[in-house]
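After this come two complexes, each holding subunit A, first together with subunit B and then together with subunit C.
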Partner chain A sequence: MSVNRSALGQRRRGHELKLGALALVIVAAGHVLLALSESPAFPRDLWAFLGAILALFVIAHLAVRRLAPRADPTLLPLAALLLGIGYITISRLDVAAGAADRVGPTQALWAAVGVVAFVTTLVLLPTVRALARYRYSFLMLGVIALLLPLVPGLGREINGALLWVRIGPLTVQPGEAAKVLLVVFFAAYLVDKRELLSAGSRRIGRVYLPDPKHLGPLLLPWAASILIMVQQKDLGSSLLFFVAFLAMLYIATGRYGYVVIGTGLFATAAIVAYKTFGHVQSRIDIWINPWQDLQDTGYQLTQSLFAFGSGGFAGTGLGLGRPDVIPVATTDFIFAAIGEELGLLGTIAVLIGFMLLVGSAFRISLQAQRPFLKLFGAGLATILGMQTFVIIGGVTRVIPLTGVTLPFVSYGGSSLVSNFVILALLLRISDESATEAEDDAATEEARRAIESAHA
Partner chain B sequence: MTDELLTVLKFCFLALLYLFLFRVVRVVTLELKADKIAVPLAALPVTEAPVSQPKRSRGARDESTLVIVAPESREGETFLLDQEITVGRAPGCGIVLADDTFASQVHARIYRQGGKTYVEDLGSTNGTLLNGERISGYVRVRRGDRVQFGQTIAELTR
Partner chain C sequence: MNANIRRVGLLMIVLMLILAAQLTYLQVLDAGRLANDPRNSRTFLRDFTGPRGAIIDAAGKVLAHTVPSDDEYGRQRKYPLGDLFSQTVGYQSIVVGSVGIEKEYNDVLSGHDLKSVKIDNLGELLLDKEHTANVILSMRADAQQLAKDTLRGQKGSVVVLEPATGAIVAMYSTPSFDPQPLAAHNPREVQVYFDLLNADPSNPALPRAYRERYPPGSTFKIVTTAAALDTGIATPETDFPSVKSFTPPQAGRPIENFGGRSCGGDLESVFVQSCNSAFALLGVQLGELFPPQMRGFGIFEAPSIDLNPGAVVSLGPPEGSFSTNKPSFALAGIGQGEVATTPLQMALVASGVANGGLIMTPHVAAEVRDGDGRILRTIKPKPWKQAMPVATAMTIRDYMVQVVARGTGTAARISGVAVAGKTGTAQSCETCDPHAWFVAFAPAEAPRYAIAVLVENGGSSGDEATGGRVAAPIAAKMLRFLLGL
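Here is the complex of A and B:
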C-alpha cells in the first residue's frame, strides 16, 4: 500500500498530532490532579498511565495516517479528550466505590477494544460507498440487533430497560450496533428514493404528496421506535432512532413537511404512551416535579441537580466533591459528576467539545460530494449530537430523563466500541471525499494543460 | 497538599481544557477557509453535475477494462478501453448491444483522458446510469463503478 503524500493530508495529520498531544497532556494532568487530592505525591502508576494513553492515541493516529491520510484532523483529538475526561471521572468514582464495583480498569480495557475496532473499521472498509450496495442486509442486521434482547433466555433486563444480551461473561447492548447499521440503510435508501420523496405526484389541496408506496418504508422507523419504547422500555433509544431518521429524511429531501408530519407522529405516540404506560408517565412526572418524591422516584434527578449546584462555577476540584452519591454516576449521570467536580467551567468545556465533534461531523457531511456519503455522514453526526442532547438534557432537567450513554465519556463497552466505529466511518467519509476532490482537481488541471497546449 | 494549591491546579487544568478547545477552533477555522463552498444534499442535482466538454487527448498509453455483469448471457465479456469506444445497438458500435431493446442505436461513448475514464450519454432514449443514477453529459467513471445502458450493466475493473 502506498501512502500518498498530499499537502492536504500532511497538514491535516500534523494538526491531528498536535491537538492529540495536547489532549493527552490534559488527560495526564487530570490523572495527576486526582491523585494529588488524595495524597501529596505523584501517582505511582503515572508512567504506566502515560504509556497506555500514548500508545492508544499513537496507534489510532498512525492508522489514520496510513489508511485515511486526508481525513479531518479534529475528530480523533476531540474523542481522545472526551474519553480521557470520562475515564478520569470514572476512576474518581472508583475511589469512593467498593473494590467489587470498580469499573475504571474495565473501561480502560474497552477503550483499547474501541481503538482496535476503530483500526479494524478503517482496514476493512477502504471505501464507505461500498456499504450502500448491502443496504437491505444492513436493514435486516439492524432489525435483528434491535429485537435480540426480546428473545427469551437471551435478553437481560437492567434498571428496568430490556436492551441487554448476555453472551458468556459479557453483557452487550446490540442496540448500539443497530444504530450504525440502520443509519447505513436509511442513507442508502433515501439517496435512492429522494427524488421520488421530494417531488410529489399527487395533489391534495395545495400540497403535493409523494406516491404512498414510497412512504411505506418510512413508517417502519416510526413503528420500530414505538416497539422499542413499549417492549424494551427504552425511551432514549426510541427517541434517538426516530429523530435521526427524521433528520436524514429532511436532509435528503429538503422538505419541511416531513419534519411537521414526523413531529406530529412522535407527539401522538408520546401522548398515547404517557396515557398508557406507567414507566413513561413516571418519567414525565419526575421531570415536571422531581422534588415531590425526593427519597424515591425523584432521587436520581435531584441528586444530579444537587451535584451541579454544589459544583458551582469552577467545581469542588477533582477528588474533592461527593459525586459518588449520584446514582449510576458512571453511565447516565456522568455529566453531573463532572459538573460537581469541575463546575460550570468544566461542563461548558465538555459541551463545547461535543459541539466541535458534532460540528466536524456535519462539516464532513457538507464537504462530501457523493449523495450517499453526505447523507451517511449527516446521519452519524445526528446520532452523536442527539444522543449527547438527550442525556445532557435529561440530567440537567431540560427534557425528561431517558437513559442513554454520553458518547465517549460514559462507562460502557458497547457504546464505546460503537462510537469508535462511528468515528472511523466519519474519518473514512472525510478521507474519501478529500481524495476524490483532489483527483478531480488534478483532472481539471490536466485538462486545462491540454487545452492550452492545443490553443 | 494544601487546598489553595489544589485550587490553583484546578484552574490550571480548566485553563488547559479551554486552550485545547481554542486550538481545535483554530484548526476548524483553517479547514473552513480552505474549503470550497459546501453544498447541502437537497440542493445537489440527482445526476452528477455536467462539466464542459473535454478535448480528447491523443496518444494516451493508459488503458482500462470494462466487464459486462448483466444480463447473464453476456456476463464476463471484457472490453479494453485503450481508445474511445461507442456502445449501442448499431452494428458499428464498439460494444454492440444487439439484444438489448432498451438500448438506443448509438447509446453512449466511453473514453479515457488524462488517465481517467469518462462515460458520455449520446442522447439515448432510456438514458445511461452510473451506479443507478441517470447521467447527463459526461461523467467520470471510477474503478468499481457500474454503468448501465438499457438493460446491460458493465463494471469498470481497472
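Here is the complex of A and C:
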C-alpha cells in the first residue's frame, strides 16, 4: 500500500514515537520518585512498570501507524502523559489508602481496556463520515444512555449524583457514552440544517434572531441539560452538554443570536433550579463562601483549596504531602492532589498539557474539509476543553464545584474508555482529512503534469 | 466555519488561562495563608504522624520522646517522667491540643522550621533520616524531683533559676498530673481524663508556678525597699518609730505587726524583722511613685517565657489610684491588698537583687540540637528589666543575708554558704490560713541560684505556718542540693 508510506504519515508517526518516549520518561521518573519517597531504594517493579506502559503506548502507536497513519502526532503522546500523571497520582494516593481501597491496579486495567477501545474504534470505523448516516440512531442511543440511570433498580446514586448504572460487578456511567453519541448527532443534524438555521432571521435592535420555528433544535439539548441537572443532580455534565451544543451551533451558523438566546435559556433554567432545588442552591452557596460551613458542606472544597495552598509553587514533592486528606481525591479532586505534591509547576504543566490536547483537537477540526468532520471535531474538542474547565474550575473555586472527571487523569473506567474513544475519533478525523488533502494534492499534481505534458 | 472554530478554540484557551490565573493565586499569592490555616489538617497530621524530636533535661534525661505505635498514627508520644514536667514540657494531644514546650517549640520538634533543621547534602534525602530537632532544657529532672519531694504533697510551687542568665532550673507545683493519658489517641478516653482533670477542685492542670497569682506578703518588701531607696523616700539611715501598727489615711483599720509586737529602727532593722508598720508607711509615702517602681520589677507585665501558654501578669495597685485608695498602697507596701504575684515573678525579684538589679528574661530551653547532637540554636541570655541600680541591689542583698543570719529566715541557713532571703506570710482571706513564702539566692556574694517557694495556706502547718517555718526549709533543701552540699 503506497498510501501508508506517505512522507507526511512517516513524519507524523516518527514525531508521535519521539513525543511518546518523552511522555513515558516523565511517567517513569514519577514512578521512581514516588517509590523513593517511601524507602531509599529503586522500585522493584520498575522494569515491569516500564514494560507495561511501553507496551500500552506501542500498541496504540502501531494501531495508529497501521490504521490512521496520517493522523495528528501530538494527541496520543499528550494522552499518554496525562494518563501517566493521573496514574502516578492515583498510586500515590493508594500508598495512604487501606488495602481494600486501592484503585491503582484497577486504573491500570482500565487504561488497557481504554487502549483496546481506542484500537477497536480505529478498526471498526474506517471513515468518520459514515457515522453521519446513523444520526438518529445515535440520538436515540444517546437519550437512552442519559435516561438509563433513572430506571428504577438499575441506577445507582454515588456522591449525591444519579449517574451510574450497575451491570453485574461493574458500575458504569452511561453519560460518558451519551457525550460522544449526542455530539455525533448534533454534528450531523447541524450540517443538514445549517443553511436553514443561518438564514431567515428577524432583527431586534442590533441582534439578529433566528426564526422561531428554528428554535426547536435549541430546545432539545436545553431540555436534556435541564433533565440531567434536575433528575441526576449532575450540574457539571449539564453545563458540559449545553456549552458543547451551543459551541457547535455557533460554529455551524456563525450567529451570535443563538449564543445569546441559548445562554439566556440556560441562565433562566439555572436561576429557577437555584430557587427550586436544594442541591443546586447549596452548590452555589458553597462556591460563594466555602469557609462558613467548613466541617460539613464546605469540607470538600476547602480541603481542596488547602491542598493547593500547601503545595505552593514547587509542591511538597511526590509522596511527601498529605493529599490523602482530600476527599474523593482519585476522581473529582485529583487535580488538588497534583497541586499539593507537584505544586504550581505541576498544575500549570498539566494545564498546558490540556491546552495542547484541546488545541490540537481544534486544529484537527480546522484542517478538516468536510463540514461534518469539522463540526464533529470541534464538538469533541469543546467537550474535552469544557470538561477540563468545569472540574479544574470547580476544585479551584473559579466556578461552583460539580463532579466530572478530569479527562485521562481521574480514576474511572467509563471516563477513560470514552476519552480513548474520543481520542480515536479525533485521530480518525485527522487522518481522513490529511488523506483527502493528500489525494487532492496528488490529483492536482497529476492534472498539472498532464497539462504541462500537453503544453 | 473556520473563523467560528477559531473563536470557540480561543474561548477555550481563555478559560484555561483563567484557571492558570486562579492556580497562581491559590499556590503563590494565597498559599501561605492556606497552608498555615489552623483548619488545614496537614499541620495537625504533620505534628502527630510525622517524626518528632525529643525534649531532654540539662543532664540528658529524656522528658518526652516519640516511639512507634501500631495504630493509624504510627507514632506515640511518651512522657517517661509523668507528673514531674507536665506543667512545663506540657503535652501533645490530638484531642485537647498541645501546651508547654511541646507547643512553643513545635516547629523545631516536628522539623517544620527548616531554617533550624538543615539538610546538608542531597545524599541525606535518600537516607532514612528524620529531620527533626531535640530541645534541651536548662531544667533538671533531679531538681524537679527534689521540689516534688520537699513539697510533700502540700499545695505550692518551687521556682529556681540562674540570676545571671534567666535559665530556669526547676519549676514545679503541687498538685500536678500525669500528661501521658492526654497524649493517647483514643479521643473518648482523652476527653474523659481531661474532663476529670478540670473537674478536680484542687486544679492539678493549673501550672501554679507561673499561671496563678498570690499575695506575696512580706517577700514583696524587697520591692518596697528598692522603691523607697531609689526614689529617696527612705535611706538606710531612716529611723522608723517603734509602733504596734500603722493606720493608713482613709481607713479605720490599722495594719498590725506580726504577733501584735512593736517594731521599728533603721531600714535594715525593719527589713530583717519584717516590720509591717514601717513598710505600710513606706507604701503610703511612696504613693504614686510606687507603681512605676513595681513596673521596674516587671509587675503589670507578664514576663516573656518560652512556654505556651506563657506566664500570667503580676498585679499591684494601679497608677493614678493613690488619691482615692491610700490603704491599698499601704497594703502594697507589705505585699497585700491589690498586690498579686506569681511564684515565678517573685523568683525573678530575688534574681534581680542577686544580679545587681538586672532581671534576665526567664527561659526553660537552653538549646536546640539536631539528631546528631549539633547545636542548631542556643537560647541566649536576654535582659528583661533593670529593676534597680547596683548599689540598691547590694544594700538589699546585705539586708537579705541578715534575714537568714539572724532574722525571720534562719531556717534557710546553709553551713558554709551565705544565703540571702526574705520570708513572707501572706493573708489570702479573712478565715483561711496564710500562704508561706520564701525567696532567696545563694551564694550571696556570687549568686548561682535564685529561688521562690510558696506553700499555699500554710500547707500541713495550717495557721501555725509562717514563711520562715514552712517555706524557708524547702528553699534550703533545694539550694543545698543544687550547690552540691
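By our rule, the second predicted complex is superposed on the first by the 438 of 455 C-alpha atoms of A that agree within 3 Å, B and C clash if a C-alpha of one lies under 4 Å from a C-alpha of the other, contacts with A are read in each partner's own complex, and residues count from 1 in each chain.
We take it that contacts are C-beta pairs under 8 Å (C-beta built on N, C-alpha and C of every residue); 3 or more make two chains touch, one makes a residue touch a chain.
As the structure is a computational prediction, the values presented were derived from the model and not from experiment.
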Partner chain in contact with A:A23 - subunit B first, subunit C second, else both or neither: first
Partner chain(s) touched by A:V398 [first = subunit B, second = subunit C, both, neither]: second
First (subunit B), second (subunit C), both or neither touched by A:A247: second
First, second, both or neither for A:P40, with subunit B first and subunit C second: both
Touching partner for A:Q292 - first (subunit B), second (subunit C), both, neither: neither
Contacts of A:T263 with subunit B and subunit C, given as first, second, both or neither: neither
Subunit B versus subunit C as contact partner of A:S310, first or second or both or neither: second
Partner chain in contact with A:L351 - subunit B first, subunit C second, else both or neither: second
Subunit B versus subunit C as contact partner of A:L320, first or second or both or neither: first
Shared subunit A surface residues [contacts with subunit B and with subunit C]: 36, 39-40, 251-252, 254, 359, 366, 371, 374-375, 378
Partner subunit B, residues of subunit A touching it in the complex: 8, 15, 18-19, 22-23, 25-26, 29-30, 33, 36-37, 39-40, 72-74, 77-78, 81, 127, 130, 192, 194-195, 198, 251-255, 314-315, 317-318, 320, 342, 345-346, 349, 352-353, 356, 359-360, 363, 366-367, 371, 374-375, 378, 437, 439-440, 443, 446-447, 450-451, 454
Subunit B to subunit A touching residues, read off their complex: 1, 6-7, 9-14, 16-21, 23-25, 27-28, 30-32, 34-36, 38-44, 46, 54-55, 57, 113-116, 132, 140, 144
Complex interface listing, subunit C residues touching subunit A: 1-9, 11-13, 15-16, 18-20, 22-24, 26-28, 30-35, 37, 39-42, 45-46, 126-128
Subunit C-facing residues of subunit A, complex: 36, 39-40, 247, 250-252, 254, 294, 302-303, 305-306, 308-313, 321-322, 325, 339, 343-344, 347-348, 351, 354-355, 358-359, 362, 365-366, 371, 374-375, 378, 381-382, 385-386, 388-389, 392-393, 396-398
